[in-house]
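Structure below; questions to follow.
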Amino acid sequence: MPTGFSGLLTATVFLPAVAALLLAFGLIRGDRNIRWFAAAVAAADLILSVIVFALFQPGGERFQLVDRFDWITTDTVQASYLLGVDGISAPLVMLTGLLGLCAVFVSFHISNRVREYFIWLFVLQTAVLGVFTALDFLLFFLFWEIELVPMYLLISTWGTGRREYSAMKFLIFTILGSAFMLVAIVAVFVSAGVGSFDMTRLLEPGGALDASRAALPMGVLFWLFFIAFAVKLPTWPVHTWLPDAHTDAPTAGSVMLAGVMLKMGGYGLLRINAGMFPEQLQQFALPIVALGVISVLYGAVVTMRQTDLKRLIAYSSVSHMGLVLIGLGSVAVVGGALTDAGLTGAAMQLFTHGTITGLLFVAVGILYEQTHTRHIPDLGGLANRMPIVSGAFLIAGAASLGLPLLSGFVSEILVFFGAFRAFPALTILAVLGIILAAGYILWMLQRTLFGPRPARWDDLTDASPAELVPVALLVISIVAVGVYPAWLTEVFRDGLEPIVSGYNAGLAGISR
Amino acid sequence: MLTEILVWAIFLLPVASFLLIGLVIRPLGPAFAKSAGYVTILALGIGFILSVWLLRSHAHGAVYDFAPYLWLNLGPAAIEFGLLLDPLTNVMLVVVTGVSLMVQIYSMGYMDGDESFARYFAYMSLFSASMIGLVLAVNIVQMYVFWELVGLSSYLLIGFWHDRPAAAAAAKKAFIITRIGDVGFLLAIIYLFFQADTFAAHGLNALHIPHIWEAAAPVAAGGAGIVAGGALLWLCLGLFAGAAGKSGQFPLHTWLPDAMEGPTPVSALIHAATMVAAGVFLVGRFFPVFAESETAMMVVALIGAFTAVFAATMGLAANDIKRVMAYSTVSQLGYMMAALGVGAYNAALFHLFTHAFFKALLFLGAGSVNHAAGTFNMMYMGGLRKAMPGTYILTVIGALSLVGIFPLAGFWSKDEILLESWLAHGPVPASISVLVFAMLLVGVLLTAFYSYRMVHLTFHGEFRGGGERELHDTEASGQPAPTGVSHHVHLGESPLVMLIPMGLLGVSAVIAGWLANPIGVSSFLGIPSHWLTDYFASGLHDGHHAPPFNIAIAVISNAVAVAGIGLAVLTYAWPRPFTTSEPLSKGGPLHTLLAQRYYMDDLYEGVIVGRVFYRAVAAITDWIDRNIVDGMVGMVGWISRNIGSLLALAQNGQVQTYPLIAAAGGLLIIVLYLALG
Amino acid sequence: MWFEHLVFWVLSVVAIAGALGVVLVRDLFRAALMLATAFVAVGGLFVLMNAEFLAVVQILIYVGAIAVLFIFAVMLTRDVQQGNAPNRLQIPAAVISALVLAAMIATAVSTDWTTLAGAGLEAKAQLAQTQAVGIPDATDLTSAGLTPAEVESVSSGGLADLLIGNFVLPFEAVSLLLLGAAIGGLALARGRGR
Amino acid sequence: MSLESLLIVAAIIFCIGLYGALARRNFIAVLMSVELMFNGVNLTLVALGRYVAPYAVQEQLSAVFTGQVFAVFIITVAAAEIALGLGIVFAVFRSNESVDLTDAATLRH
Amino acid sequence: MTAYDLYLVSPYLAMAALAMLVIVADLVTRRTGLLVGLSFVGLAAPAALSAWQLVDLTGSGASELSAEGSVILYTLSIDRFALFFNFLILAAVGLVVLVSNDYVRRVERLQGEYFGLMLLSATGMMLLAAANELITIYIALELTTLPLAALAAFLPNARSSEAGMKFLIIGAISSAVMLYGMALIYGFTGSTRLDEIAVVLAASPQSGILPFGSMAVLLAVVLLLTGFGFKMSAAPFQMWVPDVYEGAPTPMVAFLSVASKAAAFALVLRVFYIGFDALGGDWWVLLAGLAALSMTIGNLVAIAQRNIKRMFGYSTIAHAGYILVGVAAVATVSGESATFGPSSVLFYLAAYTAANLTAFFAIVCIGNRINSDEIEDYAGMLRRAPFLAIALALALIALIGVPPTSIFIAKIYIFAAAINTGESLMTWLVIIGVVNSVVSAYYYLRVIKVMFLQPAIHTERLGGSWPVNVALGVAALCMIWLGVAPGIIVTAAERAAVVLLAGG
């Protein structure tokens, strides 16, 4: 049971919340000051999150930088304030810090209710960071739910189009998903031999949760958790909130939504479904991978028909997040030293998709600021007028379609490597998805950036310096991961090691 | 250590050049654009020198074995980036850097004044780096990485003039079609990884190329025999799919003619000399694996031979000079594939070597012509011989080399392919090998025909108006003007900066074949007979040696070539000179079929992608998504709202309704209790 | 015994008839009179069951106070003649009431009340009940066959004793209730600060 | 006169009251009907106290009075309820000029 | 009656005395502020007395106060359970009194009566939580209900009168029905004391065919539940709720929605967990069914509402359903977790009190100023009254069950109790519960949406007097406090719930 209180994680998680409070009490006044204050806070949080990542030592304790104190201690309920990072969460914390800063910079042009906007953005960031670091189920769920409120308000207040509908849809879907999770958490909690919300106890191989004494059948628990995370991920057929929410969200909202909030689903799948229910994951690997493959192909096919840039990216996210499921299902066959490839790929996919889609949305956001349209047929030939934005688009697009030396490739190939051992035929189908990805990404680039430029776009200007920051940061991270992925994969592998060793040690016999 | 650095430098110099141009020179603005060209040329020049040095020292017995660097730790199948310096690599390096250097120099003239001059050289550097990386790769994933980057560079360069819709579309098409092949490649890699544990049991790394060779070799031959039988066949077919995509083999050839939308030097470098040869390189790289599977070799041979003929027929009816060359390239790549298929490893690579020079030359010639005539459409050219004699001579040399006329470079390599397929010493059955030979011979005939047609239409006869006239005509018929057409018509020779590289390539096209692989003498200038082919063969375990020169085959092939030229002369020049109407169009449906490229583009884009996929599959899925998957969500909301309203109706305000319903509820509870126990 | 039976039947019929009159007669004033009749009949039934004290309370409070209150109320509001019209829920209400009645009768009949009863205790209970309004006499009780423990139980728990003994709390609470009802009723009837 | 017959008479009175409470339009009539229900309950209580209740709790003969005590309280509370009810009757009458429950149905849905 | 008896009933006596004092004070002075102050400060007396009793309980280590020869203890159980509700009800009534400060100025006269009735009703509620005997329960219930009926009709308008009338009629009919059930129980067991009832029922032969062993008990339980159902506002006995909520004075509705409901659940817990302890296997299914019905009906109908008070009427029905889940969770596991179900109910009630009072206080303030309870009139409230809007929004979020608010913990607690029973039916009930929470998000958020996103029609700023703001602030803080640090209340609830199991 990890104990201690170093305070670093608490600071990282709550710095944005404190900033939000400062803003809420009106200590910072004037839109300009607020923007720069926000940028400073986000930058500080990025630095903190990078420090978290840097201080995390692979090969050390499983959970590091732990902050813990008792929260609720009664006869029936025990919960603690327990933050900590392992190899799975440390990179995601950094990702959140990175995208948080990007979100602030792409929001510089916001002029409507600036103060409230940044308050909600910061609350959102705290919530997401909390989800990634919380190691107590109650705390985890708390952060998981808090995140809804700012996102809902960001979409419905600062969004575009049918924003209220989309925000509501986002909310209802997510709450529906988390409702299932609540049942599961409660059931785990009341299971004999558990009696607390401490995740670390449950995560140990052969942990506290015993199938014979669980309050609900393990399979049921598994699916309850799965549904919650699948909605967030999102998986076909519960993905339909995503295109609407993405399309109508403000740029920063889309960046955070696609960049980190979808990752909460994948993180949950890795942390809980893979970590606590190894046997169930193996048992149900086939349907999960099938869902993943359907998501990949279905998402890609539907993407082909989209004419709204953000909608297109949103559907491509559905397609890409399907890979996480495929990677997850790769543990159907265990044994050998290669069990972790699929899981590592899934984890990598979380990170890489975060940066790639983040960059795509940043680019679309800049584009939209200038053109006020995202309708692809209205656009064209922007490459000459906006070389930087176009370059960002191009890099993100190339990364998105899995081009090597950009980050997307690494996660894709790892997922395929892992999954092929378990489900060769399904994996081949999923690999076909990369052709479709090339199709829609290139189609989008062609229609948007290339070809003749309608005369009305002659006066466009390129990204402003403030907008350049997120572009640069994200491009650097995409290239950095792509060119030398080991600095990230090794951390992920360290986080997945206990899970994988659990499979290898206890379950090698099941391998088909 | 120093050696290793020098080898890496061949790769890293263009990388540095790319970064320098992209991050420094280009942001500085057009004033500094020119320096981008010099940087690139410098990088490639040094690279070329180093490559030659490497080839020479390696051929003289220097052994290079550098430890690879860990890129991604995957346990037993760790992905390690390193250098694989075997004859194939070394020769390819020389070709890539050499041709690239020539093309860059030429580009200094050709691209002069283009507003994106720096961007062009950035892309070119990127391409060179990727291609060199591909050639150097020791790990199959590393190879795939650069394989894809080469594809990206190609995409960027085809779409270089991205404001032209045709260029943007062609770039996309090129990328997607090659990607279809790449899926095969990727699946092959995935399959290899799947076997990682088995490899590891033998102390091998499943992704390390030399280990893969070893694994494919049967135990009897001293290998590990891990991959065999059906799996081996599928592995080979996967790799070949990738190769076919890149090298434009049937049925993935349709992108290459369209790729001519890019700047002409790009076509010369990428879509003639280097990148498209990557497919051949890939099969060559895994030749020890392919060689173990007879079926795979048969597939390679037959597809190659078929492509050689098939593409050549389309070359007969094309009017765009660059497209003719593109078909010609596809056809020649078919020769190389066929050669690999029949086991003529060194002949195939030898042809790759010579082809790089003469095809690059032909393309540069086409660019030069375009500079003068303002169009690529041969129907608007004619009579340029007088205006640009240098270009004319060099183009004729290139064309003859292409046709395979003794003693030009093309002759030597093509002759060896024909010879070996006739001799049928390879792993494929003799009947197949001879069939391949016959098909290739037909290819020679066709090659000769379209080559003469191209030269004739371009340079002979009277000038037919050039770009100006074409623009006038297209305007009249209300169609958009094709790429590369401009009012800028000035009949005159190109500048020296363009002619000199052409000249150098011309010299190579004449002598390279014989010089590099002298036949008939025991040695020439210290280069022994069959030096190149033997050098290639030394990279293989079983050391396949080229058969001795066969005069009969040489005579037959030259005769066929001359016959082809003769037919073309009869058609176009004599007795009645060509004016404006295409004599072949009298062929009626056949000509239409050829001119329409066997309708394969229509099949792919119009029917499969457009009708079946986009309008049917995608549209239906999209409809399902909007109406059924999403609709269900809406319906649940609608139902619950309306149930709510319905229930609210019972709330009619009449107070006694409430206890009434409550009493009914209470009674219902009792009934349920009694009924259910 | 036949007399007792006769009285029971007469009182029952009167009570039921009065009740039916309350809900069926359209004239509210007459309905109120019917109600008083029913109250009196029920009071009679109480007497029949040896609950004389309760009968007195019934007459005093119900007939004397409540029924009169109703009559006042009826006279103060209008629609006296037609005021007792049925609403649209007549038929469902009848059905539901009939079903409830069926359930209650089924309960009364089907429940085996005797399983609870020890043999021969009825007489003792009757005797004990007479003490409700009188002073308990221990010797009388003993001679009637009650055990000393039962005598103790009865002696210490006459009805009035219970009211100020064990049930003193509800007894006090009901005074609060009356206070509250009076305040509320007054406040509402007086009209609120307009 | 048996327990069952008494219970049945009580139930009949109770249900007549229930019917009246559900089916009358006039507020005062409803209040009267409710009083009938209370009478039914009282009758039941007294009857059960008279016949069966004491036997359940051995040696607690005073339990026989509990029913009567209960009835006394019910009567008292009923009186209070009527007092308040009539207050509300006047309040309703003052605002609606009627004590018809079917008219007083503005709060709905 | 001994002095000890007086000590035992002293909190109730103090409350009653306070009620009368306020009424008398009104005759002397007409200053609203004074009445509010008196009512509020006066609550210190019963609170202190309850605290004294609590200290005595802690000192003795027993779960209830007892004494030889005490007549009060025949009808009341002065135990932790009762005291838990004493404090809960006192807190609720205190805050409602403060919030009434602005509201009662509408009724110029009779302000003393307003507060007096409210305090009397609170006395009844406190008694209800302590009552362990059917007659006392009945009296306490009526003492709770009748003053509330008077309060519902307190406003001089037709809607208020109608609300009062409906409340009275429903209350009377349900009382009658419940009384019939009590009569049957009395007849069947010979006693009106819950503990004696439990002994007799445990000893009586259980017929294998009939639930509850006999038709009489079955009918009695159903009839009792019908009566209690009205007070709990559980479906299908809930239909009066929205009408009364809409028409009655808002502070009274706030009081009704939390205190009355809490007392009703206290009653249900006592009657079922002590009286019908032996029949747990039969009645939990019924309660589970009512829970599912209440949640579903409440939430579905609430979606269609346009009046916020009415919407909250349906909301309260839904929450009754959630709480019933906890009541139905009769623990089949022995040991520490046996108190899971009832203690979760107690905690939920506390959590719900805090959240719902916050919401209603905001509604009181807003409604008092804009003279409307239509949701659409709340447009732009964030601009007009940021404090009120944010408090209301937080309360709405709490009511959905989103952390970090009181009801989040409460829901977890109650669902844990349900799953803990190990009955698959209860697991389904939990799933119904969570799905219902999702549905509820829809209408709660709509209010937030209107307040936060829609432009205001009027622009003048709104606000309440300082007592109102204090009440609102305290309620909101409690709501958050219970969500962030629920430990103390959970412990209190656990210890209070032990009482229910000690008897059985």
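Chains: A, B, C, D and E, in written order; residue numbering restarts at 1 for each.
Basically, a contact is a pair of C-beta atoms (placed from the backbone, for glycine too) under 8 Å apart; a residue touches a chain by one contact, two chains touch by 3 or more.
Computed from a predicted model, the values in this text were never measured in an experiment.
Nearest to the common centre of all protein CA atoms is the CA centroid of chain A. Summarising the inter-chain contacts, the pair of chains with the most C-beta pairs in contact is C-D.
Chain geometry summary: the mean Cα position of chain B and that of chain D are 96 Å apart. The distance from the centre of chain B to the centre of chain C, each centre being the mean of the chain's C-alpha atoms, comes to 104 Å. Averaging C-alpha coordinates per chain places the centre of chain C 8 Å away from that of chain D. For this pair, chain C with chain E, the centres built from the Cα atoms lie 31 Å apart.
Multi-chain contact residues, meaning those touching two or more other chains, occur in chain B at positions 637, 648, 651, 653-657, 659-660, 663-664, 670. For chain C, the set of residues that touch two or more other chains comprises 87-89, 92-93, 96, 100, 103-104, 113, 116, 167, 170, 174, 177, 180-181, 184-185, 187-188, 191-192. Contact with two or more other chains is made by residues 135, 138-139, 142, 146, 149-150, 153, 156, 164-166, 169, 173, 177, 180, 184, 187-188, 190, 218-219, 242-243, 442 of chain E. Contact between chains, using the touch rule, shows up for A-B, A-E, B-C, B-D, B-E, C-D, C-E, D-E. Residues 70-77, 141, 144-146, 148-149, 152, 155, 159, 162-165, 167-169, 171-172, 175-176, 179-180, 183, 186-187, 189-191, 193-194, 196-197, 200, 613-614, 617-619, 621-622, 625, 629-630, 633, 637 of chain B are the ones that touch chain A when the two sit in their complex. Residue ranges of chain B in contact with chain E, taken from their complex: 637, 640-641, 643-645, 647-648, 650-651, 653, 655-659, 661-666, 669-670, 673-674, 677.
Within the complex formed with chain B, the residues of chain A that make contact are 169, 172-173, 236-237, 239-240, 298, 301-302, 304-305, 336-338, 340-341, 381, 383-384, 398, 403-405, 409-410, 413-414, 416-417, 420-421, 424, 427-428, 431-432, 434-435, 438-439, 442-443, 445-446, 449-453, 484-486, 489-490, 493. For chain E in complex with chain C, the residues that touch the partner chain are 1, 9, 16, 19-20, 23, 71-72, 74-76, 107-110, 113, 116-117, 120-121, 123-124, 127, 133, 135-136, 138-140, 142-143, 146-147, 149-151, 153-156, 164, 180, 184, 187-188, 190, 204-205, 214-216, 218-219. Interface residues of chain B facing chain D in the complex, by the touch rule stated above, are 648-649, 651-656, 659-660, 663.
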